[in-house]
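Two complexes follow with chain A in common, the first pairing it with chain B and the second with chain C.
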Partner chain A sequence: MSWARRRELPLFLSAILGIMAFADYFFDIPVLHSVVSDLQVWIIILAAFAMFMGVINLTIVHGRVVMREKDIIRRGLSAWTLFLMYLMAILGLLPPITAHPSFRWLYSTTVAALDPTVYSILAFYITSASYRAFRARNIETMIFLIAGIIVILYNAPIGGYLHPGIVTLGSWAMNVPIVAGQRAIMVGAAIGALALAIRTFTGRESAWLRAGGGG
Partner chain B sequence: MFVPGRISQFVIFLVLCFFMLSALWLSKRKPIFKLRKIAPLDAIEEVVGRCAEMGRPLLMVPGIEGITAQTLAGLTVVNYATSLAARYDVEPIMLVAVQDVYPLALENVRLAFQAEGKADKFRPEMVRFVYSQFPMATTAMGIINRQRVAGTVMVGGFYAETLMILENAYRAGAVQVGGTANYHNIPFFVAVCDYALIGEEIFAASAYLSKDPEQIGTIVGEDFGRLFLALLAFIGAILATLGATYGKWFINLLSI
Partner chain C sequence: MVKEFDPRWMYLLLFIVVGAPLVRPLGLPLPITAPVLALYDKIESLPPGSIVLFEYGVGAASWPEHGPSNIAVLKHLLSKDVKIILIALYTAEGPTLFATKIKPAIASYLEKKTYGVDYVDFGYVTGYETAMAAIAEDMHKALTKDVYGTPIDQIPLMKNVKSARDLALVIATGYCEPYIRQFYTPYGVPVAIMTWGMNAPGYMPYISAGQLCGMVAGIRAAAEYEVLIKSPGEASASSDALSLSHLFVAILIVVGNIQYYLTRRRGGR
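Coming up: the complex of A and B.
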């Protein structure tokens, strides 16, 4: 295997650059700060190159559907996707770059409108998932159900009118046990991420860089 | 030399590193530590097996973050699932929402098929790039309902799109393994998935799957690190209960 394709090179670079980023967080060294700032610019440049790969991938996936698919609706939707993707790219490159009125109009009438529309669907999925999660099947789920009802009533305007204690209890649940649980998960995850970094820096972990998953 | 206010953080960082590196060194000398069973990671084979039995695809998402610790943990798990999919002739569909992750994911899927001796079966469209959160979610919903995926593996950094994908897969009858360290999305995984990885469990995936004693050592080191931080929190709680006068020196110490 050529040295450029070996796993050791990206792992070595990850370790060196990762340690530099750690050091920049703790130490006030102007040279190091300048190097790390430059590296952050490099990340943006590399991400821009990766975006080209993404565009190629989308063209391959939807191009094949347009060429081979028998279902006329799927062919049409894929063709529409490709048309809009390239139209947005072309309009975005018109001067002034990403600020041309036609680009802004297309963005604000499609992307900016569709994003919150899709987000709003979440309300229905939360309702159906909550229905299943809040079924009292044993003691634990019963506690879960009662806590859920208290928090829902605390957040709903009617809660305080039904009983003033609901506000007190809901506020306590939101500020004490829930925050304690959240912080425990955050601390645990932060230490887990640090261990992953140490394993990566010491060359023990490379599973994200190759097939198989383990090791 | 130090950035003001970060000396105490650096000391805590060194203590945590000490725990992890010592446990790693101890494990290297003699493998003495064992990991408890992590059911969601064991279940991945079941998920892929079900896809193979039903002849339907496997949907995988390594989160929607860039190259972060959660994404690397997610890639570890989906790499494992991809290898199994290649072995059992299951069609894997991986959705990637961030361009930085896409080349890594594409190369990993290609290598997985190559490692299983099935390089001819690899197709670039197995990894699909769909930029940003909600377009990726709607693409996933479309794939789930059109192709009736029989299993999903979703591990990494997730946000509002989680439940949209999971609920659609639930309705399609898919077996689901998922997990994240984002505390605001853990309830969604626990409520809908058949097997959920909670918080730091996602970072233990590589050690668990490889059974490598040195990697397991760092997991043990993590636990000692957690005990150390719990001790600090306990001291803080006692001093806060006693009053501001008693606790001030402790707050000052941690603010250096």
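Coming up: the complex of A and C.
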């Protein structure tokens, strides 16, 4: 089975399948269409398996910490992670799947409450950063800051209340310079993505074959 | 050297600025922005019986940004004579949040509709953009059962819906680019997005190019939508808090720069 370990096989498969999907998007070829359509359904199934692989991976990583780690806090946190992951999975699988009252209660009282809480802490960092970091050190940063303040106030309902000009200026900033700048970035990114696709199809880009590897 | 404020005072002030209007709303006017009005008008102009694909992939972390917009737009859709295909593609949390938070908020609207005939829910489908491509190509192949396990062929609403060609509108949560690539460009299906407020500037080129027919970005836009459908909710309640917190940040930037200028004049860094 040494051939299965060779890097040429995944490179060849990715090139062929990538070119097929690429061609199907632009050309109307019924046979190709049918094959790519099947491949797309396979990927939905594969993606579901990837979630299952994530569970196995988390179990291995945290299981190793629980078994071997000397630091009691790290062991405890890993054990807690595993306990909660399996608790959620088991409760989620109780019929009716993901609709069992115990699953919903646990989700509503933990995930649904904690996630926005952690996210909202960003507001305090942004407030502190707005005071300490956003400095007009030269003309360019001054323009950037003035534009930023106008867009901030435009995005808040109070902007128009403070001064009607904020709405006019904010609307102009959103529709003219921001659109122009974003278009330039998008076109650049699209050309970059195309170049990356060509490199992948031709086997020149193989970083994805090595977990965590570069170039 | 001009002394800087202790950040803890800023945190306390922010807490007051956000909390006070929630307790005592100021009732500031809320002008309607063009992308929000565009989505409202698009839904209003849908012919009776139109099929709309509604992606409710809301995550718990982004609930304050996406939740109110999902509720407001769904209320609008359910008040019209349109058929709705519900699905979650962005996150697996979607169905749980739909059941626990969105469904109770739109319960009175759902009561007037029949499941399977007026709307259908396919739950979470893995694969994200690849799943979108498969769904757009052939729904009966990509979505075999609904969230209750009913085979797609036995769902009356899905009898005449085969692919993206049968859709009148796609409304999605999160990022708009995959939907434009998989629904708008190949099939010409209009796409609208409910996204984070910070994404609004980045998505303006899609609006101006007509690739997005509407956008509800963040809680401010959700509040606007609630005003349009005359159904105040979570977003309207936090509209004043949003206003004052934004103003507070703008004031802090100005104060910080005045201090910086004074420090530099006195020879500091």
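Methods note: the second predicted complex is superposed on the first by the 162 of 215 C-alpha atoms of A that agree within 3 Å, B and C clash if a C-alpha of one lies under 4 Å from a C-alpha of the other, contacts with A are read in each partner's own complex, and residues count from 1 in each chain.
Following the convention adopted for this analysis, a contact is a pair of C-beta atoms (placed from the backbone, for glycine too) under 8 Å apart; a residue touches a chain by one contact, two chains touch by 3 or more.
Keep in mind it's a predicted model, so treat the numbers as computed, not measured.
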Query - First, second, both or neither for A:157, with chain B first and chain C second - result: second
**Report entry** Touched partner set for A:132, first chain B, second chain C, both or neither
**Finding:** both
Requested in this report: With the two complexes superposed on chain A, say which partner A:202 touches: chain B (first), chain C (second), both, or neither.
Outcome: first
Report task. Mind working out whether A:182 is in touch with chain B, chain C, both or neither, as first, second, both or neither? Result -> both
Report task. Considering only touches as defined above, state whether A:25 meets chain B (first), chain C (second), both or neither. Result -> both
Query raised in the report: A:53 contacts which: chain B (first), chain C (second), both, neither?
Result: first
Requested in this report: Considering only touches as defined above, state whether A:148 meets chain B (first), chain C (second), both or neither.
Outcome: second
**Report entry** Which superposed partner A:118 touches (first chain B, second chain C, both, neither)
**Finding:** both
Requested in this report: Kindly list the residues of chain A that each of chain B and chain C touches, one partner per complex.
Outcome: 25, 43, 46-47, 50-51, 114-115, 118-119, 126, 128, 130, 132, 182, 186
Report summary line: chain A residues touching chain C in their complex are 25, 37, 40-41, 43-44, 46-48, 50-51, 98-99, 103-104, 107-108, 111-112, 114-116, 118-120, 123-124, 126-128, 130-132, 134-136, 145, 148-149, 151-153, 155-162, 167, 174-175, 178-179, 182-183, 186
Query - chain B residues touching chain A - in the complex, by the definition given at the top - result: 1-3, 6, 9-10, 13, 16-17, 20-21, 24, 66, 69-73, 75-83, 96, 99-100, 102-104, 106, 108-109, 111-112, 114-115, 124-125, 127-131, 134, 137-138, 160, 163-164, 166-167, 181, 183, 186-188, 190-192, 198-200, 202-212, 214-215, 218-219, 221-222, 225-226, 229
Requested in this report: Could you please specify the touching residues of chain C with respect to chain A in the complex?
Outcome: 4-5, 7, 10-11, 14, 18, 28-31, 59-64, 92-93, 95-97, 99-101, 125-128, 130-131, 133-134, 137-138, 141-142, 186, 197, 200-202, 204-205, 208, 218, 220, 223, 239-240, 242-250, 252-257, 260
**Report entry** chain B partner contacts - residues on chain A that touch it in the complex
**Finding:** 22, 25-29, 43, 46-47, 50-51, 53-54, 57-58, 60-61, 64, 114-115, 118-119, 121-122, 125-126, 128-130, 132-133, 181-182, 185-189, 191-200, 202, 204-205, 207-215
